[in-house]
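In the two complexes below, subunit A is the common chain; its partner is subunit B in one and subunit C in the other.
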Partner chain A sequence: MSARWWVPLLGAALLGAVPWIGDETIMQFGIYLLLVAVLAQAWNILGGFTGYPSFGNSTFYGLGVYGTAIAMAQFHMPFWTGLALGGGLAMLCALLIGLPILRLRGPYFAIATLGLNAALSALVANLDVAGRNIGLILPLTRNDVLFYEGLLALLLAATLAVAWISSSRFGMGLIAVREDEDAAAVMGVDTTRYKIAALVLSALFSALAGGIYAYYVTFIDPASAFDPKLNVQMVIMAVFGGPGTVLGPVVGAFLLYSVYQALASSISTAAALFYGVVIILAVIFMPKGLVDLGWGLRRMGPRYLLETVRQYRL
Partner chain B sequence: MLFAQILVNGVLLGGLYGLMALGMALVWGVLNIVNLAHGALIMLGGYAVYFLFTGAGIDPFAALPVAMGGMFCFGYLLQRLLLNLIVRSALLNTLLITFGLDVVLTYLAQLAFSADFRAINPSYAGANVTLAGITVPLARLAAFAVALLLAGLLWLLLNRTRLGRAIRATAQNLVAARLYGVEPRRLYAVTFGIGAALAGAAGGLYGVVAQITPYVGTSLTAKSFVIAIIGGLDNPLAVVVGGLVIGIAESAAALYLGPTYTDVISFGLLVLILVARPARSLRMA
Partner chain C sequence: MSVAPAAPLLEAGGLTRRFQGLVAVNDVSFSLRPGEILGLIGPNGAGKTTLVSLVSGTLLPDAGTLVFDGRRIERLAPFRRAHLGIGRTFQVMKPFPGLSVLENVTVGALFGRGGGERNRAHARERARAMLDFTGLAPRLAQRADALGGPDRKRLELAKALAMQPKLLLLDEVMAGLNAVEVDEVVALIKKIREGGVAILVIEHVIKAIRSLSDRVLVLHHGQKIAEGDPASVFGDPRVVEAYLGKRRA
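Up next, the complex of A and B:
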């Protein structure tokens, strides 16, 4: 095994040990950190590999949240059943809407997914079984280790899935769709089926993360479950780290979320400003993400920064 | 009668919506940048007119050209110094950088102007005329007229002047336009400047008919985006029609379904249009 594999494995083992080392604050921080990392990685499956800029992944997250919550709070099912139902609901939804929505490209796809999110949010807010605008309260469990390790396992599963994708024929097909969809179709890639498969997989991981998080926070409502800002976060973290790479989105999520939390606790007022500036600088100097920056710096040193700027400026 | 009133409300609101989307459609069509900071530019224009009115006592409609001039310079510099650096990069990157810009502008506005709600209230703000039982608020009518005027001026600029021809040529084919002597860096900056000036005007009018906060930008960006798609990116007058569609749909939805549904209506309409007629939406300017 090469260092390429040792480092992530060692990192995962260290993360797995956190509940026995850290205190409650760290656990709280860790649970949310793992949540956004799973979401960024799930977004990566569709957005990073096929290049379809989804702003509707929060829809699947929300379906996972509500599927789990409705099963547990209204029908008194066990958590695992609820989680499975939430995941199934999101996959079904992805399958149904995939066909019409994945025909759209570029910004049109982006806004259609954003619209879907708004529509489902309104739908949930008007359903009795989903607690309407008021939301639902889940049975209280104080088992942070379960939530933490659950999300960590999910992150590992998502990352392994992405690692498999990036080296498989399926992943090659997705990348072909990203680079030139028409050419991919001509070369015999069944683009529709590939895109829908990517969307369903992405939906599954988002929903499972949502289900675990719902049980952790115990109180959910439409505004927090279908929050478009959460989706923007997924996109930023994945793109910051490196869309279409295996570890980029995870690194991006860890780094950005940690920096943001550190800033929010020390200079709370300027945290948002700093966040915005970081995003702007990141796009200018590393438009292909942190992972590409790492390769580029090793290959040609600081000249990489100038080269990327030169490549994309007018 | 109630329906006629809703129609009038929707049309007056829709004209302003159309003006909001004009700048976004122009920048999108020519520069291929989906400017997520567009709403923040509208917000800045609103504050400019607000302070010209409360600080210097200039009538909001007279202050509009001043605010537009300022916003033009701001937009020109923004494109020239910042956005030109990444304009040839992937769509996701232009989305991200303008999102970052939106965050920064919103934060700076909150720092400079505080989070208070501000409304531009000239003496005639509450004046109405009643025509055949339909109430028409004068300020809204004036805002509507200005919106139409600016859309018409933009159409003239694009279709009847040398600059407009250069802008349209660049939108069609950057390389070919370059070969014919267009300097793209300057032209992109001018185009973005015009977009920012239109956003500024929309912001000033928005301040007259509604209230401005530093956070108003995000929802206005989303609305402009939807309208730009419905109207298309190549004809300013069609964008105004797109605004009217959304304005009327929202007014009707607010009455018949309740105000929480207005956003759902505009997005739902959009998804329907996109899915039903994808061929049209793929044919970009």
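Up next, the complex of A and C:
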């Protein structure tokens, strides 16, 4: 119990100290690292617990980006108001689209969410208030410590939310939906409400991350705000680390993004291949993620790899 | 027939469900009192599972009414019916494959009748009791998809029981069990009924149906062709022809 909490707490404290130790390059790396970690953790709430493979979380991220940007660039509102608006916008969108889209299952759901991302990107590109194709420029603030610590706080909040979910009745209902939705319904789980609640929560964290990041980069356009590649990243990171676990997605994000960056700075062609290789290896040898792999290797050694391959008939 | 004629817990009136051209359940009416066991039999494709799905809410009827505990429920969502006290098992078993046996049953205790137990520790306690009751306690830490056939049947039963239902719908919980295991499950079902639970049992094991049922309802091509106490139903020539005759030939 204590070791389980000491390690993440110590890790968080160390991460919190980075702005006072690291240089500008490290800060840049750290801000993007925390961003993808928050996004992977937010994806985990829906994808990891309910098993709905969302490829539309970048939509909510984009709404957070644009909500904040529009509020600040067009209406000269303060950052926090913009952030709140972006988060609210994403939650509202999740609520409205949740009902029709969460009726779809498996690959159909994935495709619909992918379409959602494209649709919102096109919509924003045609709105005057959103700066159309050209995008928006936010007021410049050189305050990387604020962005870094803000994203770190958000990551902590998202992880605490996931920790609560995984030990609550609500979380058990989400897991039941993932394991067998029909069985969950006849056992008394209000599946529709649970799925929408998970989607809204996932949308909120994604959007807040987007809002902070928008203020950090100061220039945004539809292509960068609604980038499906970002969504692929969060899925890989969460699934690699361990979907449906508390720390798996964070560990996955830290590890994969670090390796990716190391590769990108030395051999850039290999970096492009990196995520693809990770997907293939992860699906074959550790479909339940890094956390389960560590647990399985400790319990039964290399036999774990064979067992998973056999169990999932690969 | 020592059971006092209590008010029915479940009353189905003229239930009908079509799948395109096929009328899977055709104008079926029946009732069930607390503590009563109704056996539901019929040849394959007679509409037994469809009827159970209409009661549990997995399917909605095209026509007909369902009154449960004095409330109309035929349009209610499955989870609401579960909250009112209807629990079911699935013929094609639906365990939560990646969860442990204990977690599987805990879901029933956390949701189920009245919305279930709010506290996860309490729910786990109730789940443990159900595992003791169904004889699954030694398997509690195993993953559900690692269970053998008979234990999966027990798990289906334990999950439904953890919901503390007033009405239990059992869809072939004895299929594939050997004679000893059938006797064990029959004894379990009798014990459940002693607690006042009304039970609808679909079963192909005639011996079990005979020894369990207070009444038997026979479906054939979606229609009710006979209903009554086991002795008279199994003596009915129409039933013998539609059901037993073919299967015993």
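Note that the second predicted complex is superposed on the first by the 310 of 314 C-alpha atoms of A that agree within 3 Å, B and C clash if a C-alpha of one lies under 4 Å from a C-alpha of the other, contacts with A are read in each partner's own complex, and residues count from 1 in each chain.
Throughout what follows, a residue touches a chain if its C-beta (ideal position, glycine included) is under 8 Å from a C-beta of that chain, and two chains touch if they have at least 3 such contacts.
Only a predicted model underlies this, so the values are computations on that prediction, with no experimental measurement involved.
K.L.:
When the two structures are laid over each other on subunit A, do subunit B and subunit C clash or fit?
P.N.:
fit
K.L.:
Thinking of the overlay built on chain A, is A:183 touched by subunit B (first), by subunit C (second), by both, or by neither?
P.N.:
second
K.L.:
Now for A:53: first (subunit B), second (subunit C), both, or neither, which partner does it touch?
P.N.:
first
K.L.:
Once the shared chain is lined up, is A:173 touching subunit B (first), subunit C (second), both, or neither of them?
P.N.:
second
K.L.:
Applying the document's definition of touch, where does A:277 land relative to subunit B and subunit C: first, second, both, or neither?
P.N.:
A:277 contacts subunit B only, not subunit C.
K.L.:
Between subunit B (first) and subunit C (second), which does A:27 come into contact with in this model arrangement: first, second, both, or neither?
P.N.:
In the superposition, A:27 touches no partner, neither subunit B nor subunit C.
K.L.:
Between subunit B (first) and subunit C (second), which does A:108 come into contact with in this model arrangement: first, second, both, or neither?
P.N.:
A:108 sits against subunit B, while subunit C stays out of touch.
K.L.:
First (subunit B), second (subunit C), both or neither: which does A:236 touch?
P.N.:
first
K.L.:
Between the C-alpha centres of subunit B and subunit C, what angle is found at the C-alpha centre of subunit A, to the nearest 10 degrees?
P.N.:
Taking subunit A as the apex, subunit B and subunit C sit 80 degrees apart.
K.L.:
Can you report the least C-alpha distance between subunit B and subunit C in the superposed arrangement, rounded to whole Å?
P.N.:
Distance of closest C-alpha approach: 11 Å.
K.L.:
Can you name the residues of subunit A that touch subunit B in the complex?
P.N.:
47, 51, 53, 100-101, 103-108, 110-112, 114-116, 118-119, 122, 125, 232, 235-236, 239, 243, 269-270, 272-273, 275-280, 282-284, 287, 309, 311-314
K.L.:
Of all residues in subunit C, which touch subunit A in the complex?
P.N.:
Listed in rising order, the residues are 56-58, 77-79, 81-83, 87-88, 90, 94-99, 103, 106-108, 110-113, 115-116, 118-120, 123, 159-160, 163.
K.L.:
Inside the complex, what are the residues of subunit A that reach subunit C?
P.N.:
Going through subunit A, the ones touching subunit C are 167-169, 172-173, 175-176, 179-180, 182-191.
K.L.:
For the complex, give me every residue of subunit B touching subunit A.
P.N.:
Result: residues 28, 34, 82, 84-93, 95-97, 99-104, 106-108, 111, 184-185, 188, 222, 225-226, 229, 260-261, 263-264, 267-268, 270-271, 274-275, 278, 281-282 of subunit B touch subunit A.
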